[in-house]
Amino acid sequence: MTKRFTKILIANRGEIALRVMRTCREMGIKTVAVFSEADRRAGHVLFADEAYYIGPSPSNESYLKYETILEVALKASVSAIHPGYGFLSENTDFAAKVTASGITFIGPPSEAIRLMGDKTMARQAMIKANIPVVPGTEKPIDNTGDALRVAENIGFPVLIKAAGGGGGKGMRIVEKKEEFMEAVSRAQGEAKSAFSDSRVYIEKYLEEPHHIEFQILADAHGNIVHLGERECSIQRRYQKVVEESPSVFIDDKIREAMGKVAISVAKSCQYLGAGTVEFLVDKHRQFYFLEMNTRLQVEHPVTEMVTGIDLVAEQIRIAEGHPISFKQEDIRHNGHAIECRIYAEDAKNNFAPSIGTIHHLFTPDGPGTRLDSALYAGQQVTPYYDPMLGKLITWGRNREDALRRMDRALSEFFISGIETSISFCRAVINHPRFQSGTYDTHFYKHFCDDLVESMMAHDEETFIAAAGTHIFSETKIHSSEQSAYSTASERPSNWVMANRKGLDR
Amino acid sequence: MTKRFTKILIANRGEIALRVMRTCREMGIKTVAVFSEADRRAGHVLFADEAYYIGPSPSNESYLKYETILEVALKASVSAIHPGYGFLSENTDFAAKVTASGITFIGPPSEAIRLMGDKTMARQAMIKANIPVVPGTEKPIDNTGDALRVAENIGFPVLIKAAGGGGGKGMRIVEKKEEFMEAVSRAQGEAKSAFSDSRVYIEKYLEEPHHIEFQILADAHGNIVHLGERECSIQRRYQKVVEESPSVFIDDKIREAMGKVAISVAKSCQYLGAGTVEFLVDKHRQFYFLEMNTRLQVEHPVTEMVTGIDLVAEQIRIAEGHPISFKQEDIRHNGHAIECRIYAEDAKNNFAPSIGTIHHLFTPDGPGTRLDSALYAGQQVTPYYDPMLGKLITWGRNREDALRRMDRALSEFFISGIETSISFCRAVINHPRFQSGTYDTHFYKHFCDDLVESMMAHDEETFIAAAGTHIFSETKIHSSEQSAYSTASERPSNWVMANRKGLDR
Amino acid sequence: MRYIIQSNDMKADLQSHSQNGDFSISMKDHDIPFDISLIQPNLYSVIVEGRSFVIAIPKLAGEEIHINGKNILLEIQDEIQIRLKEMGWEESVQKNAGEIKAQIPGLITHFFHQVGDEVKQNDALFLMEAMKMENEIKAPISGVIKKINIEIGSGVEKGALIMEIV
Amino acid sequence: MRYIIQSNDMKADLQSHSQNGDFSISMKDHDIPFDISLIQPNLYSVIVEGRSFVIAIPKLAGEEIHINGKNILLEIQDEIQIRLKEMGWEESVQKNAGEIKAQIPGLITHFFHQVGDEVKQNDALFLMEAMKMENEIKAPISGVIKKINIEIGSGVEKGALIMEIV
């Protein structure tokens, strides 16, 4: 039996709330925004058909306060709630309570969220379902002899990780069997002094790993499809920065194998809606299940651009009880798409978050260019939430076209008043290793100095223009903002100018 | 022998100049803008790598003054000039002089421009090349007996048009032979009194005509391809308003036949570059050559959205001497695209042009949405040039999706300070005849009252919100722009409000 | 303050209230709180009974209000104007209504009438070329053409008085 | 006016000239006319020797200039500062440089040093959680930690003095 949604509450903020609302409006569904104190003037509030206040600025008093959100949903008589990503999107209690109150939760059943949210449970379930996971010990090991046996089973290189804590303390990569015993005792020693716990895990060490994920959709009629992969290996501090599809690293054969496994993962947890199965792929192109994200992913537009499929529309139709609007064999992957995440942060200053008011804003547009954001000039960027301002996505007939287009689009993206990662993204896009497609998850770690340097570079003309304009603005001679061009006679050509020489540098 | 362009001057302004520059930048080609006095702060000047003043505001003292533009091109050492559309794009002298000065003109040879620019010559050339043209007299007729013979040859209904002038005076549609003689003498009488010239043309009257055009590309290696059609029947005063591709009116068989004819037209004039062959198609799906536009067309993005091909990039590559980057059989038409032209005009007030400063600007974005414009907040719209502000294009997997997306995108397009045709476009898009696809070139004439009415409609809540906010802004009590939400305790829910009743209307 | 507000086919008789920074209007004793926030100069985010609007208030009186992609022209009578009207004193709103001025610079290409002709409201008065388009200018009121100040073929600046109808 | 302007690896010694609304700068006797037009408050379209730039000048001193998608931080010495320097009088630019203040509100989660520790410029001082991310704050100058005003785990407002290095 299918339902027909007439109004949807989006339990989220910023770009993803606006993204979901755009599709709702295209489907003739009214949209309800919720907002915290800091977000009264946020873009998602302006765009929504209805908007309700839900609490003070900190997330745990507003966007995470699901009782209030549910109360709003009931009073506003919505048919369904879309959780976006982050916040309550993977909260099993919320999903269960929404469903119990007679409102449709646009996402998988709370059991699937719970299973995939617990990494150990998920891993065990995957092993049971014959899904490849990174080989390693299930339980911490104290005995060095046991450890060696495990390591030999897994095959070198292996990674030794302290069971008692993180932060790299007690972590060791071991290349050969001969080095193993000494490495284990050292790791145990370090672990003991750091966490008062000498136990360690042994895990296969993946060389030059890639983070590649598959988008899947599952409906209530038993249909599950995958929409191909996204290559997400450009990361900084485990945060994705640039994503693309297709991945240049895998070929059609591996793609097909991974796609099948992604579908098996979804099947194994009775999945419903849109989800993402994340894999690690090593330099030998062996792939291992990493985790499943039981929600819409930040980087979903990359898949939308190459398939032409609106993932949010599919989510909504699936939640209404409809089958997926196409079959696996109908999907055509067309061209190449790249996404850059634009953060409010100062890349030159160790990526410190940047807050303030957006003074000037020029957004990129034109062929093959999409910007998912909720920005406008005059908007305040507050310290309360994730510093992502939006996502710029470009499409091209091939990777080179998409890349050149991304560089062009980034070049016309102008934000003043706060620091952003726009020029950092340009540096990434133009890095030779990104251009050639020969990168793995260590890209940022290896080339971070290159990137910062290329980001800071500017030519002499730019320096002179900046300096002159700054002096001009200080001297405030521009009282009359009249055009300087005389109507009576032609002004001397601008290009007839003295050659300039000799910049000190 | 191929060239490699390093710098291109765009001899145009506004959205099309910016459109061309975007592709240049993607191709690593520097861009040179030219600007008139009124356009010092125009969007194309801001985006360009270089910008030069070329004269006072009226076009004939700046954008049409090709000596000045050529002088700039030579001093700035550009490799090529892209003329955009309008202005000098179909000026044979300009094309010839650019070429003579050693700079590449991005467009067809001046002979092709000359031939297609002269409607009579073009018609005769097409008849010679066996291209179907609207049947009619080549020369004015004075003798009523000759007129009848011609009319019988053409077949009824026919159109009688005065040779001496236009404006509908002396124009008559004749349905049947019996009515012809009287109609001719009346038309001749009217023509005589209006223009002192009783001669008339006889032409086939096309019932419920469609304006459908084909995009073609021709390279210097003898390759000519067509990229399918654009349906451009939504017009007002012979100005296109909304365009889409594919046309719902023609089927694959007619599409193929028209595409072949379009290629023949291009062949017959030794065409080079991007061009558009326009046809009239009557209700019986008979198609007739109307004219060929020897330049990039305003509505070219519609074709780009369904084929994924960047037409400006192809123009540039062809001008560099490269072959077209694909073959006819490689072209995949994917989904449906619609374009709305946004004009600075007051649709409620007989479409009077609107000038002024853009105070607030929110542009649409998101999935399948493209805006080609050169707008920014603070920009002045001056009375000197075409009032088109830009073009909004949406893509969808099918026509319905593209249409819903267009309505959504228009709904988030917010321009204040000047009047625009945004709500007029929404009225067109939502008109039942547009929705069903059953429209012809008479659409605007027939439904113009419907459109204006639907454009003006607003609900009571909107009226109350506007009225209240206006009063609020007048009373200026908003001295403190602080958030009204208390951090200490939750404010009473916004949704707990008295029911409101009884609007007078 | 009491206001009577009209636009096209809608009319409302309402009271505005401002207190401690809160603003509301009431109609027939129903109070409607307004949650108004300035987001750019002259641009407001307004939430009324849950509905969210973006509203641009023009700088000049008589211009249209831009609200969620629609334009609304409001006629507003405040307390004083309402009382004057109730006392039978209509303001002469139509003052200068017969002065036809150029809204934009352009070229006058045709007059449909001569001085002394009687015209009805919305009759075409003249053609003006501006922004590459021909525009038909219509009579704002019915009356007699008293004066034509411009010759055919001459350009006019914005605001130039072209003709007068009395 | 004479200025010495520096940014990263570039330095220029230049004169500015304003006359009849025209603005130019000269370097080593070469005059460079500037065509500057305001397009939004604090935002300029600038054409210099044909090249077109869009330049946002920040409202606050010490903030970066935003130019064609790049940020440039300029150090500017004007005529007076140049003369003082030439006379051997350096301004004490580094005043208060050892006061570490919170740039944004956040939560202090870890200190790497104690009062009395010697630190070098760019040594990590403490971790601060803000905008859901952990930020490492580095020493702006070398010196000795004189004071730590905040306890681990406590939230700080923007501008709060966290520690002092002398």
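The letters A, B, C and D name the chains in turn, as written, and every chain counts its residues from 1.
In this text, contacts are C-beta pairs under 8 Å (C-beta built on N, C-alpha and C of every residue); 3 or more make two chains touch, one makes a residue touch a chain.
Model, not experiment: these values are computed from the prediction.
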Centroid-based (C-alpha) most distant chain relative to chain A: C
A-C or A-D - the one linked by more C-beta pairs in contact: A-D
Geometric centre distance via CA averages, chain D-chain A, whole Å: 31
For chain A paired with chain C, centre-to-centre distance based on mean C-alpha positions, whole Å: 49
Separation of chain A from chain B, taking each centre as the mean of its C-alpha atoms, in whole Å: 38
Residues within chain D bordering two or more other chains: 37, 40, 47, 50-51, 54
Set of chain B residues in contact with two or more other chains: 40, 46-47, 52, 76, 362, 376-377, 411-412, 483-484, 494-495
Chain D - residues contacting chain B, complex: 37, 39-40, 45, 47, 50-52, 54
Contact footprint of chain B on chain C as seen in their complex: 1, 3, 5, 7-14, 16, 18, 21-23, 25, 27-28, 30-38, 40-44, 46-51, 53-59, 64-72, 74, 76, 103-106, 130-133, 135-136, 138
Residue ranges of chain A in contact with chain D within the complex: 237, 344, 348, 350-355, 359-360, 362, 383-387, 410-417, 419, 422-423, 426, 456, 458, 460-473, 475, 477-478, 480-481, 483-484, 494-495, 497-505
Chain C partner contacts - residues on chain A that touch it in the complex: 32-33, 40-41, 45-52, 76, 376-379
Contact footprint of chain A on chain B as seen in their complex: 18-19, 22-23, 25-28, 37-38, 40, 46-47, 52-53, 55-57, 71-72, 75-76, 301, 304, 308-310, 332, 334-335, 362-363, 365-373, 376-377, 395, 397, 401, 404-405, 407-408, 411-412, 483-485, 487, 490-491, 493-495
